[in-house]
Amino acid sequence: MTLQTMLLVAAALFSVGLYGAISQQVVVMVMMGLELMLNGVILAAAAFWWFLSPTPDGQVLLLVVITAMTVEMAMGFAVATLLHRSRQSDMTDMATDLSR
Amino acid sequence: MLSSIIFLPLVAAALLAVPRVPDRVARWTWIAVTAAEVVLVGVLIARYETPADGGLAFEERARWIPSVNSSWHVGVDGLSVPLLALTAVVFCACAVYGLREDRRPRQHAALFLALQATCMGLFAAQDLIVFFVFFDLSIVGMYAAIAGWGHGRDAGRSALQFFLYTFLGSLALLLGFIGLYLAADPHTFDIPELIAAAPLQDHPVAGGFVLAALLLGLAVKTPTIPFHTWLPPAHTDASAIGSAVLAAVLLKMGTYGFVRIAMPAMPDAWRGAAWVVLGVGIASVLYGALVALAQTDAKRMIAYTSINHMGYVVLAVGAAGLLGGGTAARELAVTGAVTQMVSHGLITGALFLLAGVLHDRTGSYALRDYGGLARSAPVWSGLFAVGAFASLGIPAFSGFIAEFQVFAGSIGTTAWAAIALPGILITAALFLRALQLLVTGLPGGRSIGFTDVRAVEAVPVTGLLLLSLAIGVLPWLLLDLITPASAVLVDLVGR
Amino acid sequence: MEQSPLMLLPELCLLGGAVVTLLAGSFLPRQRQWVARLIAVAALLAAAVSAALAFPSHQDGHFGGGGDMETVFGAFVLDTATGVTRLVVVAAVLLVIGLGVDELAGTARESETYTLLLLGGLGAIVLAATDDLLVLAVGFLLASIPVYALVGMVRTPGAAEAALKTYLLGALSGILLLLGATVLSGIAGGTAYVDLAAGLAVAPAAAVAVGALAVLAGLLFEAGGVPLHQWVPDATQGAGTAAAAFLTTVPKIGALVAAARLVDVLPGPLPWPLLVGLLAAATMTLANLAALAQTDARRLLGWSTVSQVGYLLMPVAVVSSTSAAVPALLVYLAGYAVTNLTAFAVLAAVPGARSLADFRGLARQRPGLAAALVISLLSLVGTPPTAVFLGKLTVFTAAWDGGLAWLVVVAAVNTVVSLFYYLRWLVEAFRPGEPAPTADWARGAALAGALGVLAVGLGAGLVTALVGDGTLG
Amino acid sequence: MTGLLWACATVPAVVGAGLCVTGRRADRVAPALGIVTAGVVLVLSIAVALGRPVTSAPFLPGAVFGLAVDALAAVVLPAVAAVTLLVLLFAAADIAGARARFTGLTLLFAAAVVVTVCATTLPTLLFAWEVMGATSYALIGFRWQERHRVGAGLTAFLTTRTADLGLYLAAGAALAGGSGLALTDLPELPAPWRDVAAAGLLVAALGKAAQLPFTAWLSAAMQGPSPVSALLHSAAMVAMGGYLLLRVAPLLGATSWAGPTAAWVGALTALLLGAVALAQRDLKQLLAASTAAQLGFVVLGAGVAAVAGGTAHLVAHAATKALLFLAAGAWLTALGTKQLPALRGAARRWPLVGVCAGVGALALAGVAPLSLWATKDAVLAGAHEESLALYLVGLAAAALSAGYAGKVLWLVWQRLPADADAGYDTEEEGTREVRVLQQAPLVVLAVGAAVLGLLALPPVADTLRRALGSGSTPTPGLVELAVSALVAVVVLLVVRIRPLQPLPGWLEGWLGLARATDVVVVRPVLRTAEALARFDDRVLARAVTGAGRGALRTARAAARFDDGVLDRAVADSATAGVRLAGATGRADLAGPDAAVRSLAAGTRWLGGWARRTQTGQLHQYYVSAAVVLAAALALLLAVR
Amino acid sequence: MLTGIVFWVLAVIAVATGVAVFRVDSMARATYALAASFIAVGLVLLLVDLEFLGVITVLMMTMEMAVMGIYMIMFMGMNPALMPMDMVHGKRPALAVAIGTFVVLAAGALLIPWPTRRGAPAADLVTSLGEAVMESKMLVMMTVSPVLFATIVAALVLALPKGRYDRLGDDLRGTDMRAGKAPR
């Protein structure tokens, strides 16, 4: 277990999440992709903390990341609900009235 | 004194714009304010004494944006006083002519008063930002004048083209100003300080770019070829007053910028670019004249002659940057350039007002629609003939004084300037041709039943032409103002 | 380092105001929510007063101010930039409320709207004032979450879509920002900018590039710059007028100042000025072109906002190479805020108008409103003597001074392009047409805003003195 | 005395301008006012000719408005004033309508001539010079109802103005050389500038004097009323060309080439235009060609520095030619024609007119002892001194003048044919009467034409030469005088005995000069002007549009590229290429007419490209963000 | 050694389940897979002595996935077991971007010469975290509180179709609007 390997895994998680965020149509699935990306960020943050600078700052950062994840997901659910109610759809593709 | 001259029309414009005063009151207020401006400028000239060693008279300075060393700095010298006077006179003439404007007269008066304030401000500005503010505001005002009171089918489009083109020019100018500001140490937008410092004197590349930006901006406004294409449609579609103001005053902003900013503040770069300027001037003279010769529309023709006439100015200021000739010749060229600005303002203003009469009566500017106007409208014909001859540079009118000085000075500096000489000839040809088509022969086409000029039309035109005559016969009245300033300018360029 | 919470009095006013407004709103009948509005306005006024009192007496144009910079809790800088941001944000929120009264009064969620406006403003101030990556990340959330809600507030399908896009782009940007913060703090050994400045200089450049770019991307979302700008026109079009006015103004103030602070500490060998300059150029160009053919006034203003962000990124690009950059940024921000809000106030004053053609007859019917429109649009173009002209002047100067003369040329050309669509709107307003009903409060806000635009432009000396006297001279 | 000089210039100017402005309302008083003014001018001019004042007023920086009466001016000024007065007298009876305008313009013209004669600086000279041109335009086109007359004025004005450009050039050269703008300083100019100045003045003078190759305008100018021709094309305007050369003869002499050039141009003009005159069938055309030819002698005189002779010839010719033009005018008014065949025997209808015209013709022919005989020989003596060829050409030209003078003389004094009336009224309705007021000036002029030769004969000639400072110039010997008188008489008799065969058409058509000018100058200029105007409308004015279109093409390509990155790169760029070509083709096909539309379309397209990035598809936003950020990263790492 | 093996196992699990999120054919399974991925990462955190944060991660994510499941069933009326899962678009660009991102990030991870470790972890990590939160990084937590407040307000505003006036009447007196009794 080295910094490089941990970062590699984090990068993999991040990229998989990005793939999901881009390829998925359902809002909730896009959110899952985003969560997976954050997962990777958490792992990377842990790796940096442990291998580079094990200061309390790094721990607070992790805390912030987790908070952000929670908050963003809460908003995500709210927005998805709003979309569902107003457009009877949960697909990002269906909501393209506003363009150009 | 100067500030009140600048702000009087602005205040009057605001007073006319906000409350709903009756149209009659608005019209006469307009005339009264412009007349007051003429009086004020007259007093200014009467009290003007050529300041010692290139200084300014009636200088006023107030804090404005101290953090960028920009201040409300106004003042006049021999280069700006004639243009201030021209502005006052032309706007006064337009106010009288505007008595007949019946489309939203109140707003019309307010707009032109505001426009007058911007022109006055520009010619008095001694700070680049103040200069730029007025430069841009004049564009906005003129845009409104063309779009709102133009009479062409495409007035909106012409106005937009005018706005876009000149706005692009103004931005180029702004870039140049910023360049000057940054180059000066300490940074400043103050024109006299910049002139004293002459920044970029030792930076040929940077100086070249900054001057290029200035030249572009001023060339669009002047306009010189190939940046002139906004001018003909703007004139064709503007009202008579709009055209008169545009040609008589607004075009001068470009050439005034040369002598006020570009030449004295960047002498080194100016000398480097002098050949280019000279070439553009020659090309404008010949090109403008030739294209004007081919026009079939009276107003477009006059518009193109503006390109030709402003080309003389460009030619002269270009020649002033060539150190080859003697100082006397270059001074004469610069004096001629400033004289030409005034002269062109008076004469072309009159011609555009006269062209406005054509449109007012019949709605057509086409030369071939007329003929024999000398019979149906003898006064109009006489005025137009005088205007045409004045414009083609016949002696006893200001145009001759200007052109003689421009050519004698320029050729005295470089023989290449003689290439532009045929410009005089072609201008003569085109004006005589127009005269022949419009005035002579038997009345036909739209000439039949053509009502001759009314007093409100004849008085301003006559006034402008009489001033041109006065300058033509007693040129020293004007030249005594200009000559010391042009000597200073040539001195500065020669640094 | 001081720890006195009193130093954060303006922020506390906003937070407290938000809480009290919400609480009050919960107990107020629908038609008496104006009490909540009054509370919010009182909180804003209190914040304004305290911000003005706390305005730093010594002028420091450049971030860092030579080491004597005042910070609270080690992460909240009390310098001129913060002071100006506070004032501008508070004033902007006040104007938003003013222009939104007609639209919001008596709606079901009026008091919540005020709460969210206050919170969003607070977020913008935190973003702008902080010099710590962690606070930056949290501030990002605080600035963006109210925006999602404000966009979706009107519950139309369009609003829902706009909220969705705003949210999804915001979430991605938040993740990027967190990723960047992780990388930067990891390699620099701390999250405070002082640590970054020290640590990044010796850190591997590639890591610095990835980290800083990610943080910057997050801020670009908040500001509405390429490549994360797409939500701005959608949200502007879909949201209510007051919300649109808010989201095109307030978050940008915070994000751009934050971006400037960040770019200021990024180490030298990487071409940050070039990159930010390119992004600025791309932002303004894309937005101006996209705005050309818009017929919907809101969407047009949305794109216009993006283009203005392009200009605003210019001083950010040169923040570390010239002391003129920060004052320029602040001047532009102040001018832009009042101008943009004035334009939105005109929109709000003609509630029925959506397309540009709907503004026909405005000049005839409401000359004052038309004048406000003229002033605001000409100001957006950058015509003197208006507020944005002053901004453009200083920004162009700063960018040139910082070595990005090409960017100045690009910006100038863009300004000309922008003239097309602004003028199109103006022309419509001056054509004869059917009179449309207008709203009184918004009209008042528009007139006040127009006066503000002129005041900022003409009172340039005062404004520039506020943002840093002498730093440009 | 200086006041008188100023008055001499300003009185006619003010009165003339006043009459012009007042217009028809002053028609009644105009002739009398004009005559009085001209009389005043004559008195004043004699006074200043005696007093020789020198004066100046501030004008331009570095150049005053200088007037002075020197010996040369003292001779020419009264002559011009006198002719003006006589012409106005004649016109009072001759000109029917718009008398105020006519009188006013004439007085203005006279004022300009006075200033020209007295000018001491280049700006002053040019000032008056151009006013002469302008008033001549107005006078030639006096009957503006007929467009061809105005057109003739235009031709005259433009041709002379073309030559006038030389004065601008000379002024520039004077400044460049640093001598100042005074005429007397010009010979001191340093080398290249002295030549430029000389060339400029030479061209200007040749243009006004209707010398080759500028002669054609004089033919056109015959469209003007006869009094105008009498004044402008004999005594004043055309003569001023010769006068200028006489005045700047020192400058011509200071260069190695200018004098000979002037001399040869003068001699050749005298010769060729003499032949042209001989070929004319129109009396006024004949007189016009003769004018150019006679001015050729003046120019020749100036070229060979025979200033005294030139001056004398100038003055004598003024009287003679004014006389003939007025006579032609009297017949034209009375008979309605100026065609020579129709004028057969005209002299017999009004004997006084006939006698006067006869004196004029004989003088023109160079018959001794009439004026032109002696003055011409004074010039030819100078030419002989210069070169024999020049002299012989001059002598041949003199023979030709005797030829055409004889042609007129014999024709008008033939018996009145029975069907004379058939030839009348070709130009206008004749009045069939010649008034006293028309005849009186003829008598005065005839006397002048007879006796002014004294100026070139001792003892007056010596005085004149001394006064003009050219005392050393050769005087004609008795042989020369006799030879020329003999040639004149012989030619007169030859013409009497063997009337001329019709001469080649190119001679009658003034050497085809007008056509040549038209083909070589006017049409190309007009073509160029039209081409440039088209260029301006179609190319320059649309450059903005074009730039927009170009940008849009780039943008479209960029847009395609953008899509291509997202999806099928290759296929789409191929499509893009095809569409690009199509768009280009369409744009070109649409051509200039569609330019305005294409500006709008170009704007739309550009905007369309930008908006195409705004697909509304969130995943594409994500992708584009990722792509841009990757590019940014690459940039950061690459440009270090 | 043991740590290494555990790490690798967890890493493979985390990534594999992460991939599975988008490969499984129902949304419910995707949820489980995501939760598994998070748990694996949370366990990795334990490996680097971050017990507190690791546990928090595991707990939070488990809860969140539960919320997500409930959300899908209750609010959106989906049957998680039966939901078909082929809602993708533009797979290829997505794949390209994802692979590109991975290559860039992985290359960075492997090739960048990371600096050496500075300092050592505090003896009591939780205490040091608490001290940091309450002292040097106090502003972070101070800001988090308005964030949470804003989130609550914002989420409720968006998610609830009816405000209090819809439920309680315009004067908030609880008048039942549907009963037709208009408030006075």
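We just call them A, B, C, D and E in the order they show up, numbering each chain from 1.
What we mean here is this: a residue touches a chain if its C-beta (ideal position, glycine included) is under 8 Å from a C-beta of that chain, and two chains touch if they have at least 3 such contacts.
Note that this is a predicted model, so its numbers are computed, not measured.
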For chain A and chain E, chains touching each: C, D
Between D-E and C-E, the pair with more C-beta contacts: C-E
Greatest separation from chain B - chain, by CA centre: E
Remotest chain, chain C as reference, centres from CA atoms: D
Chain A-chain D separation of Cα centroids, rounded to whole Å: 90
Interchain centroid distance [CA atoms averaged], chain B/chain D, Å: 32
Separation of mean Cα positions, chain B and chain A [Å, integer]: 64
Whole-Å separation of chain centres (CA-atom averages), chain A against chain C: 26
Where chain B touches two or more other chains at once, by residue number: 164
Residues within chain C bordering two or more other chains: 134, 138, 141, 145, 148-149, 152, 155, 163-165, 168, 172, 187, 189, 191, 206, 210, 233-234, 290, 420
Sites on chain E at which at least two other chains make contact: 89-90, 93-94, 97, 101, 104-105, 108, 114-115, 118, 136-137, 140, 144, 147, 151, 154-155, 157-158, 161
Which pairs of chains touch, using the document's own definition: A-C, A-D, A-E, B-C, B-D, C-D, C-E, D-E
Interface residues, chain A side, partner chain C - complex: 14, 21, 27, 30-31, 34, 37-38, 41, 44-45, 47-49, 52-53, 55, 57-58, 60-61, 64-65, 67-68, 71-72, 75-76, 78-80, 82-83, 85-87, 92, 95-100
Contact set on chain C toward chain A in their complex: 133-134, 137-138, 141, 145, 148-149, 152, 155-165, 167-168, 171-172, 174-175, 178-179, 181-183, 185-187, 189-191, 233-234, 237-238, 290
Contact footprint of chain A on chain D as seen in their complex: 611-612, 614-619, 622-623, 626
List of chain C residues in touch with chain E within their complex: 15, 18-19, 22, 26-31, 72-76, 108-109, 112, 115-116, 119-120, 122-123, 126, 130, 132, 134-135, 138-139, 141-142, 145-146, 148-149, 152-153, 155, 163, 187, 189, 191, 202-204, 206-207, 210
Of chain D, residues touching chain C in the complex: 555, 603-604, 606-611, 613-614, 616, 618, 621-622, 624-625, 627-629, 632-633, 635-637, 639-640
